[in-house]
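Both complexes shown next keep chain A, but they swap its partner, so chain B is in the first and chain C is in the second.
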Partner chain A sequence: MDFIGAYSLGNLLFLLKGLGTTLLVAFIAIIFSFLIGSILGILRYAKIPVLSGIVALCVEVIRNLPLLLIIFFTFFALPEVGIKLSVTMAAITALIIFESAMLSEIVRSGLNSIEKGQIEAARSSGLTYMQTMQHIILPQALRRMVPPIVSQFISLLKDTSLAVVISLPELLHNAQIVNGKNVNYVIPTFLLIAVIYFLVNYSLSLVARRLEIKERTNRKSTGKVLPAKHQAGEMMQ
Partner chain B sequence: MLDFSILTNNIDTYLEGFLNTLKVSLLALILSFILGVIIAVMRISPMKVLQLAGTAFVEFIRNIPLILILFIFYYGLPSLGMELSGFQAGTIALSIYTAAFIAEAIRAGILSVDKGQMEAGRSSGLTYIQTMRYIILPQAIKIVIPPLGNQFINLVKNSSILGVVAGLDLMYFGDSISSATYVVFDVYIFVALFYLILTIPLSLFVGYLERRLAVTG
Partner chain C sequence: MISFKHVNKHFGDFQVLTDINLEIKEGEVVVVVGPSGSGKSTLLRCINRLETITDGELMVNKKLLNSKDTNINDLRKEIGMVFQHFNLYPHMTVLENITLAPRKALGISTAEANETAMFYLNKVGIPDKADSYPSQLSGGQQQRVAIARGLALKPHIMLFDEPTSALDPEMIGEVLDVMKTLAKDGMTMVVVTHEMGFAHEVANRVVFMDHGRILEESEPAAFFSNPKEDRARLFLSRVLNH
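Presenting the complex of A and B:
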């Protein structure tokens, strides 16, 4: 093992560049996945005949497939039907397909966690379904969704490393290139990137945990301060 | 339309991959369950050193990518003079990775058992290990089964990384069929179907267990 050689400035900078790609790809993917996942989650929650069923089927199929297969598919199989994507685009597309399905479930269970009485109260006070969703249900559900979404982002960051199979220049791929220079670099490099992944993801998981505690205490205290009767009275005004 | 002759001509290859995927998933489930129980018990043991070691394992493993663990065993160990096959490296990596998640599920299950049970067990003369073995774990296992089912689904999906290190699983044979036939799209659709044959019934079953547990409390 050659720690000094493996941790030369050039190698370290090259690995940092890989980390940059990992973070960038994960960040782009989570944003699009959140948008698409929200739409899918709401469609499933709204129980629209036929449409909700189709969405449910697609989400379940994708959630039950390995992400690696989806990455392979977007990069190697789509060109056969005339869709040619660059490595980066293929990786981002695959991550968005997979993570949208995952996030739609988070959105749906967030929406389901809001008591049905809230919809009834809003509807009977004269709001339309859309208004109820926009002003009453979504704001509350969104707050509850934040901790699981941060956890999902951690998974996404880890999963980005699967794009090593299509040579996306992310952290693991760059580590493999450093390893190619010298067999004695392999263990030191892998240890270093393990620590890098750990530091990034662990700090995110601490954020998720803090948000979760805050969310839980919020829910308790609002329950105490604003009993159901009081809330109903407020809505009447 | 899908070309079903690809499936029928290569059915033996597909099935071999399918069975190996099932084999590695079951093997890794057993190994990660054993390791997971040990780590969960370490984390709730009264000994600070064990607690710390258990927590460090769980937090470290959960926060690094599975494929990195696989690469450490597959590409890293040979540089220390130890060669593993793709199948062996894959099984070890999957077991270690899944153990961290199973340990957390088991710990949550154990913590959900009333504290009085431990006190009662201890004061009736059982040792800590005996109380765990005969009183706490049998009760905790009921709560732990649905999350374990979820971990098994993840294992089946995650086992696809064996394809990257020639681990003879579904992904690997999918790759070999597609290089033999020069077809990619259809070959991988059939690979996907084989995964779904395993994962969809499992998800439905776990969903059923979760609902039943929610009703009985």
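Presenting the complex of A and C:
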């Protein structure tokens, strides 16, 4: 084991560059898969004839394929039909396809978890479907979705390392190159990137926990932290 | 105000309502009683189309309920509904619960909606709970908020679907008192309930249902002292003598 050699400035900078790629790919994939996953989840929840069925079929197929296969597909198969993607684009596309399917299921089950009585109360007071969605279903469902969505984001971030197979220069890939220089670097390098993955992902789950706790205290508050708009009601009493 | 003519409803092969004929006039309080699964709640839920009827004619406020020309959202604004499990919105304060539909469905200003909400919260006796969340209230208080929420639309009709069935016994009284006041004020009310005392005291008419049919329709005094149908007599003996 050669910690000093493995942690030379050049190696560290090279690994940091890998981390940069990992974070960039994960960030773009998270944004797009969240948007697409939400839309797909809502479409499936809304039970629109034909459309919801097609969405369900696609989601089920993708969810049951290994991500690695999808990465191979976007990088090696798409060029065969004339779509040539760079390594980074192929990795991002594969992640978006896979994670959108996973997230759409989280969104759908979050929406489904809202009791029927809530919807009936809203609709029976003359609110339209869209108003009910906007004011009753989505705000409650989103709160329930935060923990599973964040763990899906953590999965996504870790899964970027699968793109090592198409030589995306991300953290694990760069670690392997450092290891290739000297067999004594292997353990120090793996230890270091393990710590990096852990710190990044753990801080994500800390943010999620913070959000959850904040949410819980908000709902149970006894009127001490109410926003200003409620004050009108108090004055009238 | 509400008129059922030969209304049938099926859930798949199962017939829930059979040949329902019922007229409810403005200002009337009609209490629907009957054993579980007799179709009482379904009958009530047809009135604001939470359930659709299979055939027959159902008129509410001179509008045909199963017609394409009827804007169901507009019609629902004229009908308040109170549920067994309150169905308050847990992520909103009491005030927001009450003002949501007036603001979004009727389009009135927040200030005016708040004023109306406070008026009805006073009426149900809990103006001090305006800024609480539903989870901070007792069941009885939650149900009173739900009644205020229904009233805030200034509806012509109020529907009550077993409003006291999910309440602790000591909270039933406070909800029934609010409903009695409402009846005295002349509100048209259709109430599905197991509270025979309430039916006896407040109802203009009692409707007895079993197996999806209306078996008897009488004034409460007549219904409770001398029910015409054997099935109604059996039902009363079971609910009154325990």
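We adopt the following convention: the second predicted complex is superposed on the first by the 205 of 237 C-alpha atoms of A that agree within 3 Å, B and C clash if a C-alpha of one lies under 4 Å from a C-alpha of the other, contacts with A are read in each partner's own complex, and residues count from 1 in each chain.
As a working rule, a contact is a pair of C-beta atoms (placed from the backbone, for glycine too) under 8 Å apart; a residue touches a chain by one contact, two chains touch by 3 or more.
Just so it is clear, the structure is predicted and the values come from calculations on it, not from any experiment.
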Report for A:202: first if it touches chain B alone, second if chain C alone, otherwise both or neither. first
Between chain B (first) and chain C (second), which does A:99 come into contact with in this model arrangement: first, second, both, or neither? neither
Check the residue A:170 against both partner chains and state whether it touches chain B (first), chain C (second), both, or neither. neither
So, A:140: does it touch chain B (first), chain C (second), both, or neither? second
Looking at the overlay, what does A:60 touch: chain B (first), chain C (second), both, or neither? first
Using the touch definition up top, name the residues of chain C that touch chain A in the complex. 48, 50, 73-74, 76-77, 79-81, 83, 85, 87-91, 93, 95-96, 100-101, 104-106, 110-111, 114-115, 117-118, 127-128, 130-133, 135-136, 146, 149-150, 153
Per the touch rule above, chain A residues touching chain C in the complex are 115, 117-118, 120-128, 131, 135-136, 139-140, 143, 219-223, 226, 229-230, 232-234, 236-237
List of chain B residues in touch with chain A within their complex: 59-60, 62-68, 71-72, 75-76, 79-80, 153, 157-161, 163-164, 171, 174, 178, 183-185, 188, 191-192, 195-196, 199-200, 203
Could you please specify the touching residues of chain A with respect to chain B in the complex? 1, 60-61, 63-69, 72-73, 76-81, 154, 158-162, 164-165, 172, 176, 179, 183-184, 186-187, 190, 193-194, 197-198, 201-202, 205
